[in-house]
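The two complexes that follow have subunit A in common; it is paired with subunit B in the first and with subunit C in the second.
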Partner chain A sequence: MFDVFLLEAVLNGVLFGGILALLALGLNLIFGVIDVVWICYAELIMIGMYAVYYLHAVYALPLWLAFTACIILVSLLGAALHQFVIRPVLSAEPINQLLVTGGVLFLLQGTATLAFGVEFKNLGVQLPTLRVGELYLSTTRLIAFVVALLGMIGMYLFLTRTYLGTAIRAISQDRSVMPLMGVNPRRIFLLTSALGGALAGLSACLLVLQYDIHPAIGLSFGPVVFLVCVLGGLGNIIGGFVAAFLFAQFVSVGGYFFHLEWGYVLAFLFFVAAMFWRPRGLFGGRL
Partner chain B sequence: MLALNNVSAGYGSFQALFGVSLEIKAGETVAVIGPNGAGKTTLLRAISRLIDPSAGEMLMEGKLLNRVPQHELVAHGIAHVPENRRLFPRLTVEENLRMGAFLPAARAKFAQRLQQVYALFPRMQERRRQPAATLSGGEQQMCAIGRALMSGPKLLLLDEPSAGLAPVMVQTIFEVVRTMSAEGYTVLIVEQNVRQVLTIAHRGYLLVTGRIKSSGTSAELLATDEIKQAYLGM
Partner chain C sequence: MKALAWIAVVALALLPLVGLGNYPLHLMIICLLWAYVYTGWALMGRLGMTSFGHGAFLSIGAYVVVMGWNHFGLSPWLGIPVALALTALVALLIGYPCFRLKIVGHYFALVTLAFSEIARMIIVALRDYTGGSLGVTPNTALSNSSWSLLALQFSSKLVWFYVVLAFWLAGLWIWTLVDRSMVRIALEAISQEEDAAASIGIGVTRLKLGVTMISALMTCLGGVLYAQYQLYLNPETVSGIGVSLQMVFGAIAGGMFLRLGPTVGAVFTLLLTEGLRLALGHDVHGLDTTLYGLLLVLFIIFMPRGILGTALALAQRLQRTAPRPATA
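Up next is the complex of A and B:
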């Protein structure tokens, strides 16, 4: 007996996985290359979401313009984060690096609370639900999925087909040999940070279409993104990609069979079990 | 082409080089030999701009190198093949070579130089899509040399290319350097393997505890007692 609701749950899981994969990509890129975790990653996205909201819903700029501005803004934020916050502690102990980006997390949260207030804001973009036979799918989610996929393909092509992309992959494998080829490692790190920021900005654009904004929303998806990255192997881009879809399926299908919240519980249980089995993540190590 | 005038260098309070002077003319293959701890690595690190010399001048075609940042060295025409190859393990052979051509001027000539490198190292062409970590030691050395050649350097610095290689591979690598020498490349080669390197180099410098003990053509050096003394303590 074919269960269309199960199929819907699976498909929604896939769509959710796409967004999660894009989120994981940015974080894995930064850690894989620079070896620093941006604890404030979700807060950068939160700022991006507010940017889109204010540009489009308040100042009535066309949506595509708001999106572009958001991506540029968060990209610059990422570069600034590296240049001013992370560079000074690059050779310090990892705990210092974590604490410093943790500080930025609270800084961004506090600033957002002061600047934007604590009422939930919504972009107000409503797209019709797509109906395929007896299946109901959210068009917003579908579009977000396609864009996330395109973004990841774009990153893949950049990393494999361009000199800069190859340099980014190279520097994560042997940092000190880079100058011998005329590559200034500092510039690559800065570029990677800008790229990580751009990915976060893109994620913000896709998330703001689907969810309400609040200064503390970073806390609702931030830990999940970290979890997904660790599940796939922190720094491993392919690992993060696979882990995202796996996790999303647990959430979606688990939420279908049991109660909605159980979906997350099952997904977290899966994560804990996976960590016992493979402490370094399903795919281990760095890219 | 390259001239070192009275160069001293070290690490903090520990001095490793004391007033070293040497020169390399275009088209020459020059060897720097010496026992362990003689300062050969320090010498290459100074030229390669990993450390600052504390005294003396390093000149490349008349231009002062002393304060040039590491990553600008390639733009001055010096390509360094580091000790232990230091390839990017998970990049393919061709991607490693591509990294060698990172400089804008080198990118323009990428296709052409790639063919030259493949002509010099046919095995690299066979293995061009393999990750560098899967290559044998000798093949990795060839890839590392190829990577340095991709920038079209005027001077090639080879840091102990035979280190860690099986004897058969050592032969191959020295054959490669001999071929390059014959094709007119300018090479500075630092080596432990005295006899082998002096058969392919035009001239050599013997470095002992941070000072040039003797220099001359390869034939001259091989005949000296100093070589025997330096290596075997005779």
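Up next is the complex of A and C:
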């Protein structure tokens, strides 16, 4: 029997997977190159969402300008995060690098609460629902999916076709030899962080169209993004891409059969099972 | 030194008897309770196992006991063994594969994070029974008396003070036992170089699992205490990424390599939040979290050994440079 609602759940899963893949991309890029997990990645996105909200809904800038400003802002935040927080602990124990960004998580969340309050804020941009036959799909999700896909293709081309991209890939393969080849790791690290920040900013622009903003919103999708990255193998961009779609299907189809939270529980259990089957991620290895 | 420690403990135990107000007593209970939980976390954290999953154990302790009482009339005295058994099972489920497959460092932190999130999702998903995000209150047994041993509910804060004091002391004692045993030496070797440790005949999986088990069971009991004392639970305060990070950072801020480090961390975080609340009132939301986050960043960059660790190192340096008293 053909079930149109199941098909809708699968399609929604695909669209959700697109945005998850974009979220995972920035985190994987940073881990692959600098070997650091930004626990505060979702909080950077939260700041970006607030930026779009204030620029567009409060100061009435056109949406495209707000989006551009958001991407630039979060990209600068990413660079600052690396410069002032990560760099001092780069030579310390690896776990300290993870923990220090956890401190930034609280810092950003607290600052957002202080500055913007705990009320939910909505951008107020409503895009129509798309109807294809008997299927109803959200246009915002569709746009997010397409942009996420384009962003990833752009990133792929950047990494494979440009000098800087090649340098980034080289650094990620061997951190100690590349300085001898005339690549300045400091500059590359800073640049990668800015790039990761820009991807977070792009994700913020897409998420702000779909969700209400509040200071703790990072906690609701941050863990999911980490798990997607680990599932695909930390630092493995292709792996993260595939893992995002797998994970999203579990959430969406599981949520269709049971309840949204059970979808997440199923996806998390799948993650745990996969970890024990392939401890270095489904596609162990990097970049 | 040992006599001094005992005097301090006795003084602490007598402190509430001089007529502390309800609020200071409440602060002391909360402080000792978290000090106990952080100590439990640091037991494995300091040996290179940075768990972000202790929220799962805390919530099992809290929710299993309260759910048993509310829905089945199961006394917490029976609920506690059930919660402990479930915790042991979950710890085994996380620990055994992780340690067998050598999931360490970032991966271990993130895999265990999945478990605290699973716990939170399950609690929210079972909202018909657990009250979901709105939280749940244990059915009261205090309607016509001030205490009920059967329901493990006491309206007197004094009782709770001595209960958590006992748990905290027991936690420190467990720390000492682990610290003095060969297990710690073996585990330190493992945290430095796992393969080398295995090559000289250290049973890596078994030892790591043992410490994880102790740590998890301690945290589970902490959850029980928290639920029975506060008489209100919600998934955000006992499970998920928030409370798990809070445990990690409390222990690290105090200094997770020292026995009293996690306790100092608990005192520090509590003084910070309560102090700011008293100074600024209830209206300024977020300042405590902001400062807390900022301090954590500074701590990890500038004093990774925590408050107590840094203080001790400083004291030692001062002692060495100070002119020695002339001894005839």
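Heads up, the rule we're going with is that the second predicted complex is superposed on the first by the 287 of 287 C-alpha atoms of A that agree within 3 Å, B and C clash if a C-alpha of one lies under 4 Å from a C-alpha of the other, contacts with A are read in each partner's own complex, and residues count from 1 in each chain.
In the analysis below, a residue touches a chain if its C-beta (ideal position, glycine included) is under 8 Å from a C-beta of that chain, and two chains touch if they have at least 3 such contacts.
Please read all numbers here as calculations on a predicted model, not as lab measurements.
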> Can A:Pro179 be said to touch subunit B (first), subunit C (second), both, or neither?
Replying inline: first
> Is A:Leu63 in contact with subunit B, with subunit C, with both, or with neither (first, second, both, neither)?
Replying inline: neither
>> Output check: A:Ile72 vs subunit B and subunit C. Expected answer is one of first, second, both, neither. What do you get?
In response: neither
>> With both complexes overlaid on chain A, does A:Tyr163 touch subunit B (first), subunit C (second), both or neither?
In response: first
>> Taking the superposition on A as described, I'd like to know which of subunit B and subunit C A:Gln109 touches: first, second, both or neither.
In response: second
>> Contact-wise, after the overlay, does A:Leu7 reach subunit B, subunit C, both or neither (first, second, both, neither)?
In response: neither
>> Just to be sure I read the superposition right, which of the two partners does A:Phe226 touch: subunit B = first, subunit C = second, or both, or neither?
In response: second
> Looking at subunit A, which of its residues have contacts with both subunit B and subunit C?
Replying inline: none
>> Looking at the complex, which residues from subunit B come into contact with subunit A?
In response: 48-49, 69-75, 79-80, 82, 86-91, 95, 98-103, 106-107, 147-148, 151
> If you look only at subunit A, which of its residues touch subunit C in the complex?
Replying inline: 37, 39, 85, 88-89, 92-96, 98-100, 102-115, 117-118, 215, 219, 222-223, 226-227, 229-230, 234, 259, 261-262, 264-265, 268-269, 271-272, 275-276, 279-280
>> Quick check on the complex: what are the subunit C residues that touch subunit A?
In response: 48, 50, 97, 101-103, 105-107, 109-111, 113-115, 117-118, 121-122, 124-125, 240-242, 245, 248-249, 252, 284-297, 299-301, 304
> In the complex formed with subunit B, which residues of subunit A make contact?
Replying inline: 163, 166-167, 169-170, 173-174, 177-185, 287
